[in-house]
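By letter and in written order, the chains are A, B, C, D and E; residue numbering begins at 1 in each of them.
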Amino acid sequence: MAPALKDLFIRSQSGTPCSRVCSKKGIVIMMENAWIIPLFPLLSFLFLILFGKRLKEASAYIGILFTLASLVYSLLVLFDRFSAPTYKAEGVWLTIGDVQLTAGFEVNQLNALMLVIVSLVSFLVHTYSKGYMQGEDRFPVFYAYLGLFTFAMLGLVISPNLLQTYFFWELVGLGSFLLIGFYFYKEEAKAAAKKAFIMTRIGDVGLLIGMILLFWQAGSFEYDEIFAAVEAGAISGTMITLTAILIFVGAVGKSGQFPLHTWLPDAMEGPTPVSALIHAATMVAAGVYLVAALFPLFAASETALMTVAVIGAFTAIFAASIGLVQKDIKRVLAYSTVSQLGYMMLALGSAGYVAGVFHLMTHAFFKALLFLAAGSVIHAVHTQNIEHMGGLWKKLRVTGPLFLIGTLAISGVPLFSGFFSKDEILIAAWAHGNTVLFWLAVIAAFFTAFYMFRLFFLVFAGEARTDMKNVHESPSVMTLPMVVLGVLAVVAGYVNTPWFGTFLGDWLVEDNHALGHGHIEGPAWIMIVATAVSLLGIFLAWLMYGKRSLSRDWLTSRMPLSYSVLYNKYYIDEFYSMTVVTGAKFISSFLRFLEVFLVEGLVKSVTGIISALGRLGSKFHNGQIQTYGTVAFVGLAILVVIYAFTGGYLK
Amino acid sequence: MNLAYFLSILVFSPLLGVLVLSFLPRTQESLIKTVGFLATLPALVLSLIAYFQDRAGAGLEQLNEKVSWIQFGDSGQLGNLFSIDYELGLDGFSLIMIVLTAVLSTLAAIASIHIKKEWKGYFMLFLLLEVGMLGVFAAENLILFFIFFEITLIPTFFLIGKWGYYEKENAAYSFLIYNGLGSAVLLIVIMVLFARTGTANIDALMAAMNADNPQLVAPISENMKMGMLIALLIAFGVKLPIFPLHSWMVRVHVQAPPSIVMLHAGVLLKIGAFGLIRFGMGIFPEQFQSLAVWLAVLGVVNLLYGAFLAFVQTDFKMVLAYSSISHMGIVLIGLGALNEAGIQGAIFQVVSHGLIAALLFFLVGVFYERFQTSSIQNLGGLAKGMPITAGFLLAGAMASLGLPGMSGFVSEFMAFLGLFKEMPILAASGTIGIIMTAVYLLRAVLGITYGKAHRDFAGITDMKKFEFVPVLVLVGLIVLIGVYPSVLSEPLTSTLETIMLGIGG
Amino acid sequence: MSTVPVQAYLALALILFCIGLYGALTKRNTVIVLISIELMLNAVNINLVAFSKYGITPSITGQIFTLFVIAVAAAEVAVGIAILISLYRNKKSVNIDEMDAMKH
Amino acid sequence: MDLETLLSYEWGIMTPEFIILGVATALSLMDLFMPKSQSRKILGWVGFAGILAALVSLLGLIGHGPESILFDTFRLDSFAKAFKLLLLIGSAMVLLIAIGYEPNEGLEEFRGEFFYLFMAALLGAMIMSSSGDLITLFVGLELLSISSYILAGMRKRNLHSNESAMKYVINGSIATAITLFGMSYVYGLTGTTNLKEMSGFLTSIYNEQHIYLLGLAFFMIVVGLSFKLAAAPFHMWAPDVYQGAPTPVTAFLSVVSKTAGFIIVIRILFSIFANAPSGDVQGLPMILALQDYIAFLAGATMITGNLIALRQRNIKRLFAYSSIAQAGYLLVVIASMSLFMFDTLWFYLGAYLFMNLGAFAIIQHVTHKSGSEDISQFAGLYRRAPFLAIAMAIFLLSLAGIPGTAGFIGKLNIFMGALVPNEGHYVLVSIMIATTVVSYFYYFGVMVQMFFRPAADTGKVKIPAALTAVIGTSLAATILFGIVPNIAFDFLQGNFNQFTDFFQ
Amino acid sequence: MTFSGEFLAFMSLALVAVIGGVLLLNLTKVVHMVVALVFTFVSIAGIYVLLSAEFLAAVQILIYSGAITIIMLFGIMLTRHNDTSEPKTGRWRKLFLFVGVLGFAFAVYIGIYNLDLPSAPNDLHVNNTEQIGIELYSKFIIPFEVTSVLLLVALIGSVVLAKKDDEKEAEKE
């Protein structure tokens, strides 16, 4: 880390009490105008939607330029935030009776950090895509969508209240949906896009319910007011638990946590840069971000925290286990993402706020790197099946090492960023007393190391397993972003280490006790264990796929059943389609039955009765005069007799 | 703004078009279409003037008009009793509805370019329909309201029955009988109120019905009030439509020409909600409160019923029809909540669904014009041949499923916000509808736009210029409301206050 | 004053009225139907004349009324028969149950 | 009574009747002396002029206070004036329809007799509307009836016409007998035929058996007179007769004759039974006690009329059932007995007159050309004759009670009358509204033919001037009274003084 | 009620009238029916005499037994009557009607069977015809005149309807 940055950290820490006074005027202006950050990509989106067709491939420059602007501004804001306190500005968005719903923005530590992460990754992906998407028909559309997504994501992270968060929360979903379905003519892409939207929507509904309930409890959607209400004890414990869990359901949907994770691997139907941006670095982390942003609420309920931790830990090991056997390069990475997100959830659920956010950051970098690198591989070999690859190390001289860096980082090899953040998580889990979860996480770490290196070895080591021609390294427009990310994947961990200081952690939690401590002290053996399992995993992978001294089906042949269970992702999709989808279809058919026979039948019977009565009546009109007279006279007789018996003399 | 008879001119301005049209030869297709389109403009301009004047702070009261019209019985003996005035007026809610009507009418007139035959008759009826719709919202007394309400019935019948698709006459009859019954029930209520209180003016009725010692011609018992409210619910429930009174509406949506469905789904259905809010809540606040739970339940039923049925439809128009039912459930949910959020949500939904349904049906018209089908099966891969249409279709679907940033979200959100306060469990079960909405809409829209192209798109042009205008206007309005809902909520403030005052909230 | 009570006359009128009515609505020959109707009118006349003598306020008006009824009845019969003849010319039948060209 | 007394009466109030009588006589003489070959249409115009003259003289009498001649055998009160106005306007228009009848091959032109018999019928109807004496009322009724029987059979060589007349005469005579039977009891209980005297006498009867007998008489009179109204239970003749009779006669029966029927019903029921005690504990007058029975008949009439109309393919038959249904609506007015009764009845009958006659003018024109009366004859009318189609549509809408037309205001009035009383006739109103909705089916069925179906023959339709006049007037009136009904109400309130002299 | 001559006369006249009516219903030949009804009409004239309406009795004989019966016979002769069988259908209708008639008769009968009318002295039998004449030509002059129109209408109408259109038919044939 640069010494200047460190100075800033220190200054900010020491200067907190008088930061507003101390801060230079220009600095505050940066933060005051932070709302402009999301607007750059929005402009890019609008511009490209309207004029993209004419710009063709030049669209890329528009997109890159605007995101660069965002990135620069975000960085400035981040630097400001080191020295200035949280800034929040709001205006009335909608009035309901005496309730005023506001919209605005807030720059606190988490937001500022997220702004940089998002705009940075976005910028890099924009740049990368210039090369990756070359020759695509709908090139401008792609950039437009990227712009839309970036806008939404940036909007999401500077939202000062739940409603606005929800607003952008859905918009990022839209961006994700559009980009997954970018190759709309592919049936798989169509299905995947639909699935992604619907699965996340299920979570969103949870979030919506939770947020509305919270609103009626706290009287506001504002984060700070909600926290104040929680702190003041204005909300009952059960309600806190309930709303927290409901909101967590939203996070589960977005972050691909079990049981709503199935969309995320399928989302790999989208172009690879998209996977890197949305389904690895930013959007999927939104769930984690949300839990982090609402951390004081969760912290107030042990049950809620426990739920988050359990789901997180379970997802971590569950997804990792699936990742062990997948054959598609992007799917392996996708399951790894799910698993890593589970880690973050585990961290948050174990009160490890800093650990969660820290891992979010490092993960963003190394997973983006991995995806971009994978994209580069795919770009080179035009396949995603790792069984068909191999021996690419020699051909892809840049991509290979960068991929290796990413793999090392994610596996938690010491000195790489992933090592530090994962370590923090394990410590947090241990310190919070979640022993079982801790060990699950350790096993998951082992799995991670194993499958990531399995991937690495299958792709890069050995000889090509299929005929590969014209394999060449990607252009520099693609490799450069990867290099940047590679650097970050290594160094990002050093902002918060037990060895050199926990700058990030301390900065994140300053001024806010509800977030816990900047650093949690844990026993030293945890670090050793973590290192050991990851090395073990790497070793095993090397044995099986690198050196091939262990047969690849050594394990699978022994446990064919569990292999196929894993390969088929625990049959979760099949289970859903058997239960939920069939259920919905059944209800629909039942209602259709109701519609046809009851609703329509009712109508038909009424009209039938009326026309039958008409027919009956007209039958009486048989043309016989005497019938007519009879009817008239009998009518008279009836009236008279009734009169005689009721109103008349006989009464 | 101080123009005398401003509202009358606004309401009856389309008649000018009818007049001009009647002198045109019936073969002059483009001339007739132009005149038909132009005739919708005065109302649009005037309604916008009214809107902006209102926003600028000029009171809407000065637009009120009153001319004595019918006097039943002997005026010397009865005084003002049993007299019906011709009185028009606006409040925030009706102002918004008028603007919506005027906008949609103009757009539907553009959409009517696809009409293939007898343009003259078509546009005359079309303009007549517009008069009816505008009048409904401007009427200040129940009888006048009813008159305009019925006036909408007749042109719609013909427009469906003559210019619709294969089963048009069936649909037209279905429309007529259901709505006829609905308006019949409505008429009973109106007449009972009129006969018993001697007045039909809405404000006077509100005052008379809610006074402690009402001065009535004949007594009205509590049971009668309840009965009348239920009757109102049925009457407007047919229009809205509320399950199980909806089957006519599905038929109309499928069989009527798209331009008419734009108006039908956009405005005519909304008369039901308008009536419920204006009269149901206004005149029978106490009874409304005791019925609110049932309204909310009906709302959830509507929402889910429509959603699940839309899920299994094979024709896109059917999907949209059931989606309308489902969305009207949101209106009921908001009304059932009976608090500011809910009612405002209901009103927002009224407007929002009007715009969204109009947009979607316009798009249906666009591709129906080119492919003569609206079956989802037959339309796969539309994005290949008509990317712009497909894109707007997707936008429409997103608006419809309540994507934030578009109007549908604001209304849905507020309705649920309201209901969660009063009946959280019911509201929670209603949220299944939100998921189902996404499910069926994506199924349908992606089925049409995405996937392999099922047909040859050679020779198919994407949207033409004139088709852009309505779509852009509608999308623009949808986004405007979604992003800056105050354009709607601010004019509504006073109306809402009045309502809340009535129900004692 | 009288040995025959008014009820007897009224009862007779009622019986004749009913017979006339029954005949008018059951007989097949149109001429008989017309004549049955005359019987009904006669029953009315008996009533009127009886009331004219034994009514609450006896008056000659009843008899006058009867005269009008008789005149009208005669006119009715004439018109009826004329219509029957013109019908017969087209249909060649006087059976009332065959007159059902228009029905339902 | 000497001549002087006789002359002391103000015979001037009978001017309209005298004019009609004079014109009828003149017409018969003209018919006698005109050459055989000459068209008798001129007689129609003369008759029309006569009716106009009568109308003018009636208007001249409007300011005239209530007056009666010869012990009420003729009385001119505001009720009589108001309703005679309708009769005259209706007859004038029917006459125009008859004049506009253009003989086709196979169909004969109306003979001269038609016109003076028509005048006689009108005279009968006018006598019915302005008499306070049972005998005069009866004779007027019979004059109208017998003339109508003959008119219905006017198309001598048409089997349907013969049959229609036969059915009419038999049912009519039975109805007369039943009415008379009822009247004879009323006479017996009062000893007079003067309605006012009767009413005065009946206020003081207390004997239960007398009251019971009076009630029986009420039923017989109502059922007997319901024949003229074509209301249940005496409605079944109407479709057959309407179908068979020449169209102008059908129009006459469904409008003028029906109006006359309502006039006599009101006259008799509200004179005789309004003051008679009903013998129940509350001391209600008989008419109120028996209100429910009338309501029942009204309901039955509306239901039968509207339901059976659904099945009809013959346009005249359809209109017969429609007119039964309309009679039902009008009976609702009588059954509800509100303070708006006279106004409502008058307005609705007026509206009905215009909309129905307008429709009949068009029906005649459309059907007689082809000789078929199936509603498919209306197919594509909009293509062939847009004006006719639109006019017909408006008449139908008015009959269906759609706003913007006189029919709607009329219905509004009826509803209001039925709902104003404390206990409100909710069931009746509900039936009325529900059956109105049912009526949409058949009214719109005709419109579907006119507007949606392709035309069988595409020839343009040329409308005779007389028919144009009828259609135009009806159209104007239907719309005018639908949009500014206060013209009529003001006229009513300004000139007829709330009909208060009806009971004096 | 004493067994007086008046009563005897009433009973026999009433009996004849009713029997005539019943025969009308039960005879099969049309002419017989008409003749049966003539008896009824005549006995009704007798009843008028009992009721002090001599003028009416005379009119009754003239009009009914004379004119109307003759018209009827003309009608019968001008039209052919070969079948006298009753229709097979309509049995239900007859039953229905019969019950209706019984019900009606019952309801009316209970209204009249002990009708209590206070009798008042009257002098109808004194110069009956004169009384009628005076009333008719003073008080009831209007209905009287209208009746004359009515009879005229009936006359013209009957002629128009019953007359053969010789010329036109000849033209057609």
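Note that a residue touches a chain if its C-beta (ideal position, glycine included) is under 8 Å from a C-beta of that chain, and two chains touch if they have at least 3 such contacts.
No experiment lies behind these values; they were computed from the predicted model shown.
**Student:** Just tell me the minimum hop count from chain C to chain E, counting one hop per pair of touching chains.
**Tutor:** 1
**Student:** In contact with chain B and with chain E at once: which chains are those? Just list them.
**Tutor:** Both-contact set = A, D.
**Student:** Report the chain whose CA-based centre is farthest from the CA-based centre of chain B.
**Tutor:** Chain centre farthest from chain B's centre: E.
**Student:** If every chain is reduced to the average of its C-alpha atoms, which one ends up farthest from chain C?
**Tutor:** So the chain farthest away from chain C turns out to be A.
**Student:** Could you find the two chains linked by the most C-beta contact pairs?
**Tutor:** C-E
**Student:** Of all the chains shown, whose C-alpha centre falls nearest the centre of every protein C-alpha atom combined?
**Tutor:** Ranked by how close its C-alpha centre lies to the overall one, first comes B.
**Student:** When the C-alpha atoms of chain D and chain E are each averaged to a single point, how far apart are the two points in Å?
**Tutor:** Centre-to-centre distance between chain D and chain E: 30 Å.
**Student:** Can you check how far apart chain A and chain C are, centre to centre, with Cα atoms defining each centre and the answer in Å?
**Tutor:** Inter-chain centre distance comes to 97 Å.
**Student:** Whole-Å distance, chain C centre to chain D centre, using C-alpha means?
**Tutor:** From the centre of chain C to the centre of chain D is 26 Å.
**Student:** Express in whole angstrom the distance between the two chain centres, defined as the mean CA positions of chain A and chain E.
**Tutor:** Here the centre of chain E sits 102 Å away from the centre of chain A.
**Student:** Mind pulling the residue numbers of chain A that touch at least two other chains?
**Tutor:** Chain A, residues with two or more chain partners: 618, 621, 623-627, 629-630, 633-634, 636, 640, 643-644, 648-649.
**Student:** List, in ascending order, every residue of chain D touching at least 2 other chains.
**Tutor:** 135, 138-139, 142, 146, 149-150, 153, 156-157, 165-167, 170, 174, 178, 188, 209, 212, 216, 239-240, 311
**Student:** Out of chain B, which residues touch more than one other chain, so two or more?
**Tutor:** 177
**Student:** Output every touching chain pair, sorted by label.
**Tutor:** Here the touching chain pairs work out to A-B, A-C, A-D, A-E, B-D, C-D, C-E, D-E.
**Student:** Flag every residue of chain C that touches chain E in the complex, lowest number first.
**Tutor:** Touch residues, chain C against chain E: 1-12, 14-16, 18-23, 25-29, 31-32, 34-36, 38-39, 42, 45-46, 49-50, 52-61, 63-64, 66-68, 70-79, 81-86, 88-89, 92, 94-95, 97.
**Student:** Inside the complex, what are the residues of chain C that reach chain D?
**Tutor:** 13, 17, 20-21, 24-25, 30, 33-34, 37, 40-41, 43-44, 47-48, 50-51, 55-59, 61-62, 64-65, 68-69, 72, 75-76, 79-80, 82-84, 86-87, 89-91, 96, 99, 101-104
**Student:** Along chain E, where are the residues that touch chain A in the complex?
**Tutor:** Within the complex, chain E touches chain A at residues 90, 93, 96-97, 99-101, 103-104, 106-108, 110-111.
**Student:** Give every residue of chain E touching chain D within the complex, in rising order.
**Tutor:** Chain E reaches chain D through residues 107-108, 110-112, 114-117, 134, 137-143, 146-147, 149-150, 152-154, 156-157, 160-161, 165, 168.
**Student:** Enumerate the contact residues on chain D facing chain A in the complex.
**Tutor:** Its residues touching chain A are 166-167, 170-171, 174-175, 178, 208-209, 212, 215-216, 219-220, 223, 226-227, 232-234, 236-237, 239-240, 278, 280, 289-290, 293, 304, 307-312, 438.
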